[in-house]
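What follows are several structures.
After this come two complexes, each holding subunit A, first together with subunit B and then together with subunit C.
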Partner chain A sequence: MRHSHALRIGPVGFRVGSTWRAPITALRGLYAGYPTLKAEVPDLTVRLYPERPWRRWLRPSVAIGGDFWLPDAAPLPLAQGLLAAEMGMNLQVALGWRRHLLLHCSAVERDGRVLLMSGASGSGKSTLATLLALAGWRFLGDEFAFVALDDGAIHPFPRAASLKNEAVAAVRAAGGMVGPVLAGTPKGTIGYWRPPETAISRMTDAAPPKLLLFPRFGEPERVETMAPSETFVRLTQASTNYVTLGQTGFSALTRLVQTVPALAIGYPDSAAGLALVERLWSAA
Partner chain B sequence: MSHAARLLVAALRDPTSVATLGADDWTALLTAARAERLIGTLAHRLDTRAVPPGVARILADAAEGAAQERRAALWEAEMARRALAPLGVPVVLLKGTAFVAAGLDAGQGRSIGDLDILVPRADLPAVEAALLDAGWEWVKDDAYDDAYYRRWMHELPPLIHRDRDRMIDVHHTILPPTARPTPDAAALLADAVPLGNGLSILSPADMIVHAAVHLFGDGDLAGGLRNLWDIDRLLREYDGTDFWAALAARAGHHQLRREVGRAVRLAHDLYATPIPPNWRVRRGADALYRRRLVARDGWGRQPYPFTRLGFYVRSHWLRMPPAMLARHLWVKARRAR
Partner chain C sequence: MTDPVYAVDPPSVRLAVPLDALIAVYHRPSGATHLLAAPSPELLDALADGPADAASLRDRLAAHYDLNGEDDAVGAIAARMEELVAAGLAWRA
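Now for the complex of A and B:
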């Protein structure tokens, strides 16, 4: 393709190609300092291309494609090309990755152990991970937790965190630099937060999980212990490749829920959430 | 031929051809193989100890993915067998599931999506009812599509299982009744080869005939390299003195001599399939088909939009008379907007 960039994020080598220059320039900017692929074969390919030939110039619209494919991925305006690249990378990992069990979780590490946070969009898992990283935890990722199939360790996938709507202000208030910010996307306003240098330089350092939280933002504070069976079922739904991994995925997930305590928590605001996480982490 | 497609065909035909590839060629080859749904096959063909470590990891993923698809396909066939066993009707597995169920070379590393089965047309209502009863549901809720399938197609509208999320295509023959060739569905069923568990597969000659129909009749020849690879493997496995005469006779019986001949020649052309001299009668249009089959670039894209459109129209031409084709494409085009 006319424009492209190939980079490594944790265990994944990506190649992103685009008909337009702008999405690749934005991607290079956001991921400056990440290892680039030289004379290496990328694991996954993302393509950004016009859905119809004239859509390259006329109301340019970015379709998202690649090695693996979903029928109903809607195209985005060119101004949101960076989001298209990010969504493309997520999609390829979600549909194509088999070397780890993938869970929709954010992950941060402290003292060599990992805190996993799972939840739907809006639960606060990205925001909490970002705020914890600003408070000194090591950021492993805000989108996918890569669970090793052999020993259950969590491998970092430190993509830029994608913060939605109020989360942008919350992270800025805590001293985080957020940018670029895209307004009017299908997911509302999205701001990208670039992980600290240690998160990038240590992107191959895995660590075992210690605690799993299911946060719910905007609720009265509560803490409920979850049974391993319930955790198991919820994580099968939070995994993009549990089914395709077959028995290997079952074994990895079973080990996780049997060895890592899981709690469902509610928290009214970020400050309360951070305090609660610190308290539960110390007690775990 | 695009460079990536050339690499892919060469790697499948002669696995040692990859020995000299650099990173860019590997990237193009693997991307094209994924796009053509041939990466599992490639992983099975290549000696992964003789490739760069990054490539070996990707091929190992592909091999595991194919093994999982094989397991899921066989399980799905077993689920259909259990649902249909009480009816006592013959059930013939088709395409990928048939290849892996019978342990054929064509099944090695093959990607398998839907379950395709063939049953007698007279038993369709009972089969449909039994499948719905066992948890399969309609995929298409569009009235035109549903009516179209039931009136004009060689299969029921696709069904999907509500728990396992897997599709089943129930065929009663191998070409739509609207197509000019009329394959003998009763003969397909009568000569099917039992697997011993209540399911069957097509006879060797019929399997090639069906693979040729599948290659030329489905959509715009998309996935053609994979379908042609099936044909190469089947021909090599069934090769023998009596086989070619039986294939010619069978293709004639199903009124598909031209399609089978072309499929055999293309397999010989691209994959060096050994074929008898009297099958090597070249036809002018072969070059056009060849061009379409190898249109896949190193980013997984398909250039030549006009060639593709031509083949899309042509595949429908094979399926239905002109006036009906015009009406069908009109409805599809209006909906696409």
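Now for the complex of A and C:
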């Protein structure tokens, strides 16, 4: 492809190629300082290309492709090329990665142990992880937790956090710098928060999980203990490669739910959420 | 009409991990994961001795468990076995 950038984020080597220069320039800016791939073969490849040949110039429309592919991935306008690159990277990881059990979780670390937060879009898991990182926790990722298949440790995947709508203001209010903000995307307004330097320099340092939370933003404060079997079912649904990994994934997931306590929590706002997380972490 | 006789794969093809009241079972031939509650895991184990109908299964379970309180143990076992057949963990021999 005409333009490309190859970089490493945690265990994953990506090559993102694009027909247009702009998405790659934006990607290089957002991920400046991340290790780049030299002679290494990338693990996953993302391709951004025109939906039709003339759509390279005429109302440019970015289709997302790569080694793995979904038939219904809708193209995006060129102005949202960075989002297309990010979605492409997510898609390739979700569909193609086999070396870890992937959980749709955000993850932060403190004192050598990891806090996992799982939830659907809008649950607040990205915002909480970002705010905790601003409060001194090490940011491991806001999208996927990479669970090691041999020892269950959580490997960092410190992509830029994707903050949606009100979360942009919440992170800025806490002193966080939110970089490119894309308005009018299919997911609303999206702002990218670049992880702190320690998250990048320590992206190969894995740590064992200590606590798993299922947060729900905008609810009265509550804490409910989840049974391991319920946690197991929810995490099979939150994993993009559990079925593909077969018995290896089963063993990794049963070990996680047997050894890590899980709580469902509700919180009305970010401040209450942060205080609740700190309290539960101390008690865990 | 004779009562159905049930059979299962040997225990070595299943990986069972107790989580709480439920047991997670990975079935290697299908690659499927199941969450089972008692007495389904016990029925699978009891069939390791060979195919059996519900009445024989009750006798096998009675050798290890106290079934005195069960008025219709055979009916309950037949219902659980049909669920295991539907789940792909057992079949009618």
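Heads up, the rule we're going with is that the second predicted complex is superposed on the first by the 284 of 284 C-alpha atoms of A that agree within 3 Å, B and C clash if a C-alpha of one lies under 4 Å from a C-alpha of the other, contacts with A are read in each partner's own complex, and residues count from 1 in each chain.
Here is the rule we go by: a residue touches a chain if its C-beta (ideal position, glycine included) is under 8 Å from a C-beta of that chain, and two chains touch if they have at least 3 such contacts.
Please read these numbers as outputs of a predicted model, since none were measured by experiment.
Visitor: Could you classify subunit B and subunit C on subunit A, in the superposed arrangement, as clash or fit?
Guide: Partners fit side by side after overlay.
Visitor: Subunit A residues in contact: does subunit B have more, or subunit C?
Guide: B
Visitor: In the overlaid three-chain picture, which partner chain does A:R47 touch, first (subunit B) or second (subunit C), both, or neither?
Guide: first
Visitor: Let me test your reading of the model: by the given contact rule, A:D67 touches which partner, first (subunit B), second (subunit C), both or neither?
Guide: In the superposition, A:D67 contacts subunit B only.
Visitor: State whether A:S239 touches subunit B only (first), subunit C only (second), both chains, or neither.
Guide: So A:S239 meets neither subunit B nor subunit C here.
Visitor: If we overlay the two complexes on their shared chain A, which of subunit B and subunit C does A:R99 touch? Say first, second, both or neither.
Guide: first
Visitor: Does the superposition put A:F250 against subunit B (first), subunit C (second), both, or neither?
Guide: The second partner, subunit C, only.
Visitor: For A:S270, is the partner it touches subunit B (first), subunit C (second), both, or none of the two (neither)?
Guide: Neither partner.
Visitor: Taking the superposition as given, does A:Q258 touch the first partner, subunit B, the second, subunit C, both, or neither?
Guide: second
Visitor: With both complexes overlaid on chain A, does A:N90 touch subunit B (first), subunit C (second), both or neither?
Guide: The answer is neither, since A:N90 touches no partner chain.
Visitor: Between subunit B (first) and subunit C (second), which, if any, makes contact with A:S18: first, second, both or neither?
Guide: In the superposition, A:S18 contacts neither subunit B nor subunit C.
Visitor: Considering only C-alpha centres, what angle arises at subunit A between the directions to subunit B and subunit C, nearest 10 degrees?
Guide: 60
Visitor: Once the two structures sit on chain A together, report how near the CA atoms of subunit B get to those of subunit C, whole Å.
Guide: 5
Visitor: Starting from the residues of subunit A touching subunit B, keep only those that also touch subunit C in the other complex, and list them.
Guide: 246
Visitor: Which of the residues in subunit B end up touching subunit A in this complex?
Guide: Contacts found on subunit B: 22-23, 26-27, 30-31, 34-35, 52, 54-55, 57-58, 61, 64-65, 68, 71, 299-301, 305.
Visitor: What residues on subunit C touch subunit A, complex-wise?
Guide: Touching subunit A from subunit C are residues 15, 17, 19-22, 24, 26, 28, 31, 33, 35.
Visitor: What part of subunit A is in contact with subunit C in the complex they form?
Guide: Per the stated touch rule, the residues are 227-229, 232-233, 236, 243, 246-247, 250-251, 254, 257-258.
Visitor: Which positions of subunit A touch subunit B when the two form their complex?
Guide: 1, 13, 15, 17, 39-43, 45, 47, 49, 53, 65-68, 98-99, 244-246
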